[in-house]
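Below are two complexes that have subunit A in common, paired first with subunit B and then with subunit C.
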Partner chain A sequence: MVGPVGLVVFGLIAYPLFSALYMSLTDKAIGAAGSFVGLGNFAALLRDSIFLQALRNAALYTIVAVAIKAVAGLGLAVALAALGERAAVLRALLLLPWVVPVSITALAWWWMFDPMFSVINWVLRAIGLQDAGIPWLADSTWARVAVILVNVWRGLPFFATVFLAGLLSIPREFYEAAETDGAGPVQSFVRVTLPLMRPILSLVVLYSTVMTVADFEIIYILTRGGPLNRTHLFATYAFQVGLEGTLIGRGAAIVLWMFPVLVVASYLTLRIVRRGEEYG
Partner chain B sequence: MDIERLGAELGKKVVTRRELLKVAGALGGAAVLGGYSFLVRPARGAPAQTVSIMHWSHFVPAYNPELERQVATWAAQRGVAARVDFIAYRDIPARLAAEAEARRGHDIVQLRVFDTALYRRHLVPLDDVAEALERESGPWLSLARYLAFLDNRWYGIPWYYWSFPATINTEHWGRIGMGSANVAALDWSGFLEAAERLHRLGAPVGMAISQTFDANDALYPLLWSFGARTVDERGNVVIDSAETAAAVEYAKRLFRFMPREVLGWDDAANNRFMLAGAGSWTPNAPSIWAVAKLQRLPIAEKIDHVPMPRGPKGRFRSASTLALGIWRFSPNVELAKDLIRFLLRPENYGRQVEASMGYNQPFLRRLREHPYWRGERVLRFYEPSREQLAVPGWPGPAGEAAQLVYTAFVIPVMFAKAVTGEMSTAEVIRWADRELRARYRA
Partner chain C sequence: MVLTSLKTNRELYDLSAVPLWIREGVTVEHYELLLRRSPFVTWLRNSMVVSVVTTCITVTAAVPGAYAIARMSFPGQGALSLAVFLGYLVPPTLLFVPLAQVVAALGLMDRLWALVVTYPTFTVPFSTWLLTGYLKGIPRELEESAQVDGASRVRALVSVVLPVAAPGVVTVVLFSFTLAWGHMIYALAFVSRSAQKVLPVGLLTELVRGDVFYWGALMAGAVVSALPILLLYGLFRRGFVAGLTAGATKL
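Coming up: the complex of A and B.
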């Protein structure tokens, strides 16, 4: 059993990772061997204005999107828990954005943000909120809003569903005890729900951080990193440099700048999982 | 152990859990060790005499079946099998990269603008084919030599290109009293005045100033026509010039009369802009007209093509080009060469032109004599081109740096920073200078 598993782990995880690490230390272009350049690619990226922009974009995109998903996801989970069985259909519908392939949903959003045919702008105009329409993908601030919005829309169901499962697993007795001690709904939430939900909250936030910082499809389909490179993330810029530009060594180095974030997130996730905190 | 033997073994007896795990492990290991090279070798397992060709899924849908038909005809004549794989244009870079790395894949690949230069280490020199074709239908356009004749060898056979004149809505231009001939004669100064009037009428002109390939094809000709260049013939960065400043200043004035959305346009946005009847002018290949005609949209009657406006230093048009190359690892080099020659025979090429509704433009002088473009009035300014043809990156060396600048959209971003007021003209030029130097050094 160990043999096949080891082979799969080596082939699917270790080999690509070390291959990318090695490539990032070379000036390899696609189809050519490349020579060893040490940390030259990483140093060059620190002088690359588009990469530095992508670094800032990734931080903003990840922090804002994950924060919104966490807060809104928790709120949604609490509301669904309060509604109980009455929200069964809603719970099923909620999963739709998460289960439909991202390339399809991103294309649908792209159409909704279209400068001429945007249904969102049409609605805003119809209700008199906006005459000119919002330049969703033409303005760098609005483009950031748009890509974060799509990421939140897609990730929110996952947050809400996992949080809901966590909420439902908290023993009812804890709330009854809190009530007996005179706690109101807000106090119960702060003193009972949040502490008991902390492991699951941390786990989901860390998982989502990893997925969000490595996002590709939403950006690639909606903005290709524009306008003014303000929505480029590591993966989209790596694709541009490594595959379209054929400098695969430099492209690997761009992606590996994500590595520290991923390592820290993975370490913390594993710690939480190992600790195996249980209720009661 | 090969898969057939494994299958036979499995069929003979009851499989225990341990055996099943061994088989799964072996298959998993084989899949992993084979890696993605297994996935990118469509010809594996097929007869050695199957010639495969990779081609993008053409913008004009009628072209794809015609190409398939011609390849099938050739295969029947030679008694071999042949196949065309149509791939989305956006997926071509990844596909080429995977095949070059794995040293497996199609026999013939289509090579976009600088791909011939980028992949020349992996391509069979095709001097014999290029010279024979030149004798039959030449001479080659200078653009063909620039892109595919590298280090004194032909590494690709320039096949066709499509270029970016201006697509106009004649009805809108008619409202300001200008016919196609008047628009065709405009210089950038006259165009600016017309753009202002069209803007006031609610029928603006528009060109992408965004991170999309159409933006490169719209903005480089503007730059060139003012006498500016990104690099010289040796690859020295020369963007920091009075001519660039003049082009940027002009774009700032013109931007006031365009929809702000041009800053976020993708490659299809200007098509929708014209097909919806909203726009009066946009640089584009004739795909807008072709789609309108194929779908019998009334707007087709209003569309015409005219040259790009003339600048102080001439009139330029950008081109997107395709060449055919043969991988060195191909087991069918001679057959592949024969297929390329077949596809470039005048009679076959003519049918390709017709199927593409004139979209495909030839690199060989004699092939340009096809009557299709003269027969379709709307294409009279498309082929032959009145403007000087060039590709973004010209006149610098074809290769990695030009490709990096093209894919990083340095020039569109330079214009975008200027027209949005994020930087002054002098600042954006300095910014572009730094970006170009970084890539030409790399």
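Coming up: the complex of A and C.
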């Protein structure tokens, strides 16, 4: 009964992961066998300015996007919880950016960031904020803003909905007790809500950190890593080097830089879940 | 944020309108271009095939797997359960390089089947994990009484447990389908022949030729691609929310 699951988990996830580990130690190219080069790929990457740029981009992208999603998501969840059932329609609509695959919605964003016809610039002009128009994807700083914006737009519903479920599972009595003890709304948020929400907050942040650092679609569709490689992440750079550039060993080494993030996140996740005594 | 999300989705439906409304009447020419002069219909069919087959594989693997993890005891159970959970955390982008080797070794490069083989890597762990949690929440007595009444274990699973677990299975189906429908990196990496492309890749790679962007057709394509998912979402909103919050509500 566990055959198929085992096959997928061990054959198609664990085995490729290990083979990536081995490949990263070779100079394999597509169509050529490749020989063992030890840590050569990793060393070469540390001298590769584009890779170092990607490393910095990934750190910036992940930290900023996850932080915004966590804070805004919590705020949104609190607002939705306060509105209760009146916000049912809002809740349904809120999920749309997350439900529709980002590979499709990013196409719409691409159009909205278009230098000539950008709807966003049109609106900014219409309300008199910005006359010249923002060169969304052409300028390296704005391009970073744009990809983070889309990542937040996409991920926020996930954060808000999960946080909302967490908020609603906190028993009323806790708040009543806090109120009797003379706690104001801010105090009960800090003393009751936050501590009780900590496991959920941490789990969502950890999961999102892994998925954000491993992002591909948004970058590939909107910028392909440009301008000046300022938006490259591990996956997009690995795709460029490993598949388009056929240096598959080097590509494997690039994606493996994400591995430590995964290990740390998995470890912390397991610890939290184990404390909750259940992970499956 | 809510405003932006609303606007964007409306934007998807506001085809050739520059910028927020349709000024010069509605046109279907983009859809015509899409349907008549691009392989769009083929991509749509490919996407359907890949998503449906992936979903079937996922359910076939996840239901018995989750049942075994939740209910039976066998050597390596803890390890498998842990592996499923960790597999859920592995992002697809970490695997595309080595999976390219696996696909090549299987002789599936540039074929739709490459996707059917690799998509379960992101649907199966999640589905198994979700269903395991779901099955653990169903009282054991239910199937034990069925077994006392003379039903075999498999029969008890099929006729007693599965009907109760139906919402979990529906969630798994929705998620697998949606994930497979929108997935991009494997599709981009393993398939480059036009006739074997799936929707997101086809739209991105073939409706942009050099500097010529077929924006109208591209947006029309995005609308058509989003429709099946929106339809599913409209019908089974609870399933989506259940899947989304599966990890959180258990704590």
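The rule is simple: the second predicted complex is superposed on the first by the 271 of 280 C-alpha atoms of A that agree within 3 Å, B and C clash if a C-alpha of one lies under 4 Å from a C-alpha of the other, contacts with A are read in each partner's own complex, and residues count from 1 in each chain.
Here is the rule we use: contacts are C-beta pairs under 8 Å (C-beta built on N, C-alpha and C of every residue); 3 or more make two chains touch, one makes a residue touch a chain.
As the structure is a computational prediction, the values presented were derived from the model and not from experiment.
Visitor: Who touches more of subunit A, subunit B or subunit C?
Guide: The partner with more contacted residues on subunit A is C.
Visitor: Figure out whether A:P227 sits in contact with subunit B (first) or subunit C (second), or with both, or with neither.
Guide: So A:P227 only meets subunit B here.
Visitor: What is the contact status of A:A235 with respect to subunit B (first) and subunit C (second): first, second, both, or neither?
Guide: A:A235: touches subunit C, not subunit B.
Visitor: Is A:L137 touching anything from subunit B or subunit C once the two structures are fitted on A? First, second, both or neither.
Guide: First partner only.
Visitor: Tell me which partner A:A265 touches in the superposition: subunit B (first), subunit C (second), both or neither.
Guide: It touches subunit C, and subunit B stays clear.
Visitor: Taking the superposition on A as described, I'd like to know which of subunit B and subunit C A:L196 touches: first, second, both or neither.
Guide: neither
Visitor: State whether A:T105 touches subunit B only (first), subunit C only (second), both chains, or neither.
Guide: Second partner only, subunit C.
Visitor: Return first, second, both or neither, reflecting whether A:I248 touches subunit B, subunit C, both chains, or no partner chain.
Guide: both
Visitor: For A:S49, decide between first (touching subunit B), second (touching subunit C), both and neither.
Guide: In the superposition, A:S49 contacts subunit B only.
Visitor: Which partner chains sit in contact with A:V37 here, subunit B, subunit C, both or neither? Use first/second/both/neither.
Guide: In the superposed model, A:V37 contacts neither subunit B nor subunit C.
Visitor: On subunit A, which stretch or stretches are contacted by subunit B in one complex as well as by subunit C in the other?
Guide: Of subunit A, residues 1, 4, 7-8, 10, 12, 15, 114, 117, 243, 248 contact subunit B in one complex and subunit C in the other.
Visitor: Per the contact definition, I'd like the list of subunit B residues that touch subunit A in the complex.
Guide: Where subunit B meets subunit A, its residues are 21, 24-25, 28-29, 32-33, 35, 93-94, 96-97, 100-101, 118-119, 121-122, 210-212, 259-266, 269, 272-273, 276, 278, 400, 403-404, 407-409, 413, 416-417, 420, 422, 431, 434-435, 438, 442.
Visitor: For subunit C, which residues are in contact with subunit A within the complex?
Guide: My answer: residues 1-2, 4-6, 8-9, 11-12, 18-20, 57, 60-62, 64-70, 72, 74, 80-87, 89-102, 117-118, 120-121, 124-125, 128-129, 132-133, 136, 178-179, 181-185, 188-189, 199-200, 203-204, 215, 218-219, 221-222, 225-226, 229-230, 233, 237, 240-241, 244-245, 247-251.
Visitor: Please give the residue numbers of subunit A that touch subunit B in the complex, ascending.
Guide: 1, 3-4, 7-8, 10-12, 15, 29-32, 44, 47-50, 114-117, 135-139, 143, 223-229, 240-241, 243-248, 250
Visitor: Along subunit A, where are the residues that touch subunit C in the complex?
Guide: Residue positions touching the partner: 1-2, 4-10, 12-17, 19-20, 23, 72, 76, 90, 92-105, 107-109, 111-112, 114, 117, 119, 122-123, 152-153, 156-158, 161-162, 165-166, 169, 199-200, 203-204, 207, 210-211, 214-217, 220-221, 234-235, 238-239, 242-243, 248, 251-252, 255-256, 258-259, 262, 265-266, 269-270, 273, 276, 278-280.
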